[in-house]
Amino acid sequence: MKKIAILTSGGDAPGMNCAIRSVVRYSCHRDLTVIGVSRGYQGLIEKEFRELGPRDVSNVVSVGGTFLKTARSKDFFIKKERDRAHRNLLQENIEGLVVIGGNGSFRAADTFFREFNFPVIGIPGTIDNDVNGTQRTLGFDTALNTAMDAVDKIRDTATSMDRVFLVEVMGRHSGAIAVYSALSGGAEDVILPGEGRDIGEMVKKIKQGRKRGKKSWIIILAEGAGWTQDLASKLKEYVDEVREVVIGHIQRGGKPSAFDRFLGAVMGKTAVDGLLDNKNCHIVGWENDKPIIFSLSEALMEKKEDYSGLLDLIQILT
Amino acid sequence: MKKIAILTSGGDAPGMNCAIRSVVRYSCHRDLTVIGVSRGYQGLIEKEFRELGPRDVSNVVSVGGTFLKTARSKDFFIKKERDRAHRNLLQENIEGLVVIGGNGSFRAADTFFREFNFPVIGIPGTIDNDVNGTQRTLGFDTALNTAMDAVDKIRDTATSMDRVFLVEVMGRHSGAIAVYSALSGGAEDVILPGEGRDIGEMVKKIKQGRKRGKKSWIIILAEGAGWTQDLASKLKEYVDEVREVVIGHIQRGGKPSAFDRFLGAVMGKTAVDGLLDNKNCHIVGWENDKPIIFSLSEALMEKKEDYSGLLDLIQILT
Amino acid sequence: MKKIAILTSGGDAPGMNCAIRSVVRYSCHRDLTVIGVSRGYQGLIEKEFRELGPRDVSNVVSVGGTFLKTARSKDFFIKKERDRAHRNLLQENIEGLVVIGGNGSFRAADTFFREFNFPVIGIPGTIDNDVNGTQRTLGFDTALNTAMDAVDKIRDTATSMDRVFLVEVMGRHSGAIAVYSALSGGAEDVILPGEGRDIGEMVKKIKQGRKRGKKSWIIILAEGAGWTQDLASKLKEYVDEVREVVIGHIQRGGKPSAFDRFLGAVMGKTAVDGLLDNKNCHIVGWENDKPIIFSLSEALMEKKEDYSGLLDLIQILT
Amino acid sequence: MKKIAILTSGGDAPGMNCAIRSVVRYSCHRDLTVIGVSRGYQGLIEKEFRELGPRDVSNVVSVGGTFLKTARSKDFFIKKERDRAHRNLLQENIEGLVVIGGNGSFRAADTFFREFNFPVIGIPGTIDNDVNGTQRTLGFDTALNTAMDAVDKIRDTATSMDRVFLVEVMGRHSGAIAVYSALSGGAEDVILPGEGRDIGEMVKKIKQGRKRGKKSWIIILAEGAGWTQDLASKLKEYVDEVREVVIGHIQRGGKPSAFDRFLGAVMGKTAVDGLLDNKNCHIVGWENDKPIIFSLSEALMEKKEDYSGLLDLIQILT
């Protein structure tokens, strides 16, 4: 293998630039040429290619987002367009592809491998921490810290004004940011995707809390619970001073945390090692404080999240 | 004067604790006893009083919100309740009142002075920077930095995904946070309260920008423009990849900035000096890098904001 | 077991308050009374005890340091003083002790257990990440992010002025903060405790870097390398524009990161479970994304740090 | 005037990039071509010129340092080298020069104007806030917030361990960062350049403080006091638990604060207006919340700092 390509796909996540830098510089060390593909699979189709040398990734470790840009390509669902992407790679003598992204990006990578037997290796880059087989994804730690910071700030007003706040955090179908930000932010309650709740019970707990001196109350809602406005208006019927906040896109940006930069550096190197070691349809993961490589098919299985222990702990620590 | 009271009223703002600390410790230096009133005017009515000594305000400078708690008291609009508040003050031999808050709080203070001839002095504490007669209010600088930080983070995604973002910042009827966060965040456009806009013009500018290489576009909307969802849905008809973010309550909390802590310290001292100097219906302000004292009646006049120069600059610097 | 005590000892670390909160509130859930001991072992000797209830640990998760205060007690090395400490515990019917600290604190705890057969359980709280048997200690992640942040800031000047910076980070005999901050901060070199270096080689690398366009150069030194001033003055003989920075105590303070808060919450609970489960001379650790409990004697063995892989990666990614 | 040049000189300061961006884009609006000069006056001598268009200053507002690079040029003290610099400017038909820097940079600019009658306009960019005639310099607000942040973090350890900390902040001969960070950080004492102190008095105050419950004590020293190590060792003779921290270069870097970005934007525009308005040996300043233009000769006079009022306030608020 002499030449590989790299792209970022799906939602951007802090740390992606660190992983690109690691792939580029480590590849240089292993005598590989690296081609950067702009705007994810769309750039693969439209052949937005440029060679990336060590100096092209200077000073990117502290920058959020992805300097290669990313996109959600609809065209890549079309076989003819994937053919075109494949031709583009062959024309440039590219022999392997590093894909940094989330589950959707990996399904596309898997399809691409199966259709063309073209070597692909994934790096899980998503703030949602919802890729099966890895304990951490790139960007989760940063997003979690941003969400927690927001909870800290909201608590200032909640405490000053004896308010109840509903705070919606990101995570699509995953409850990871919600659970961890609730625990680290000291929230009083958390509602995960798919969870039903008895409003009466919630109101009772808030009122009991107020009686025993806990006048402010922060409830974290996972985006995937899909319920923030509705819950807010219901609570407002029974409790005074309820406010809702949707933290939103700020969770996707910002300087990567130390862990995400470290993860990006290690995963980038591991991905290149994997390609050179004929891991042709695999993904890099993080387990027991070390990088691992496992099959894309395992990554594509649904991740079973079991947060029951942490949810109990949140209730107990309130 | 031997004894004064202090309360925080209306929305909390970063720096209020610094002002309380300054009032308490400087009063001690001037041989005044300070009574802290909880929950604003409501606590005045319900006589939630406690003496505050120098050690009671230890380690509060770095804490957002107000440890005295604040509220928007409806009862204080009722004459009978104000009578009660006045009696409470007289019973405790309190001879002056420091009110930290915004315009609503000052209208109440003004009424209270006129009814009972009870000495009041205001400290403008609101993130909105909308109090007439002072160049800065306590909390504005911190809120502005929080809003700008959010814009920085959103830009990571805007740039990575070539998106248009509408970002709503706080400020009620004021455009201060909007204008300053747009300029410091490098936003492409800003919409102030009361401003009409030609959607066609906006779309044209965005499309022209895309042509000359400016693929991402951030528009700041002042809360008081009241238009975020509506504008978002209209823009989505003509432009791809539009997203909206309401930054919300995180702008009200967090550690005060250096300037807000400095302002709190200086304004607190100035307020005590004012009371001792028989400024009986006044407010502290900030002008030309120095504290000033002026009449509450001037503060209660509508603030004329003229941001035309800054708005032009934002357009030119895009 | 009906009553336990908790103390923090040695250097303070961000997240200690989260662990105390977790111990207090989880103990309440398990019907245990918790006595907070001030100023570590010194407070045990001087009987600075107070009961801690759930409301006593409100709003501490976001605060660095330890509200119980900590100290390095010389008296506790004296048998007679330890006898006194033991008597104090018995007098109050305390049946178990949670010690949050580092290696020195655990040696003291081990001695205490062996002398009096008094149940002790440790929670590793130190920014140095140098406790054997656990992959993470409380405070390391926060300190690492602070160190990395400092490196980011220094890089602004290094880049603007084409300078060489020597940056000393904390960690006593451990190289953990040094290695991880170098990797995440994108530093060009790192020097660990006990490492010799050929100055000529270092100068050559810096000069070669300058030739190929890398004009600024950041070298991280572990505190334990003990060499910062000396290296700085030597480098200055051969290279222009060398500056040194000792980041110092800011690494010990600040709001705990999300991970450290999470770790504190989980470790606090685990410690209480351990005491109730007759783990009488043990310590809580973190392994493979889960809490573990292991013997204090294992924790007291020297930690073997092998950073060779990461050191190679830092060189390659430069 | 059709073409101007811009350079940054002396120590870098956060916000310089914002000022460059403003000069470039506003010049474009006024139909001026802008030439960026690298590495300050040294680049003027060595003709390191490149044209800067609006897209060359994209995404720089949030970046500390100066992308034009800066230097302290010794060559520029030599007449022959200044001749060369002047020739370079004439060769490129450059008709005016914007200099962003501090006092040293402005002395050089003044010399250059007087020798060649070449129009120069200054923008005060230095964290020291020590340029005469302007209430604020670019970078001061950011550096102050960084210093205050460090004080906040150090307080966590000071409070946890009942320690006395001496914290040295930057500022050369100016006491600005020292005074403002002491007030905003809630420090117990501050020592300015040129100030003598009675050690016995300091020790007495610390010991009295400890008696009345103030166990930790933070003393800010201005860099220009030149006394940190010496004072630390003297205090250690009389008081336990004294530590010193030199905050150092981190104060020079980092994302500019909102105010510094705003100031950069406004000052950049004002500088261009000034050049076009035949202000040929002037400097931009900030007074009473507005930009001003005044003569370089006034800027070069010594700045009289009178911090007596603030110093008293710091003592009173302790």
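To keep things simple, chains are lettered A, B, C and D as they appear, and every chain counts its residues starting from 1.
What we mean here is this: contacts are C-beta pairs under 8 Å (C-beta built on N, C-alpha and C of every residue); 3 or more make two chains touch, one makes a residue touch a chain.
Nothing here was measured: the structure is a model prediction, and the numbers come from that model.
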{"item": "Chains touching both subunit A and subunit B", "value": "none"}
{"item": "Averaged-CA centre spacing for the pair subunit C and subunit A, given as whole angstrom", "value": "28"}
{"item": "Intercentroid distance (Cα basis), subunit C paired with subunit B, Å", "value": "39"}
{"item": "Centre distance in Å when subunit C and subunit D are each reduced to the mean of their C-alpha atoms", "value": "35"}
{"item": "Shared interface positions of subunit B, touching two or more other chains", "value": "152, 155, 159"}
{"item": "Chains touching one another, given as label pairs in label order", "value": "A-B, A-C, B-D, C-D"}
{"item": "Residue numbers on subunit A that touch subunit B, as the complex places them", "value": "8, 11-12, 14, 39, 63-66, 69-71, 146, 149-150, 152-157, 159-162, 165, 243, 245-250, 252-254"}
{"item": "In the complex with subunit D, residue positions of subunit B that touch it", "value": "18, 21-22, 25-26, 29, 55, 58-59, 61-62, 135, 141, 144-145, 148, 152, 155, 159, 180-181, 183-186, 212-214, 255, 257-259, 261-262, 265-266, 269, 287-289, 313, 316-318"}
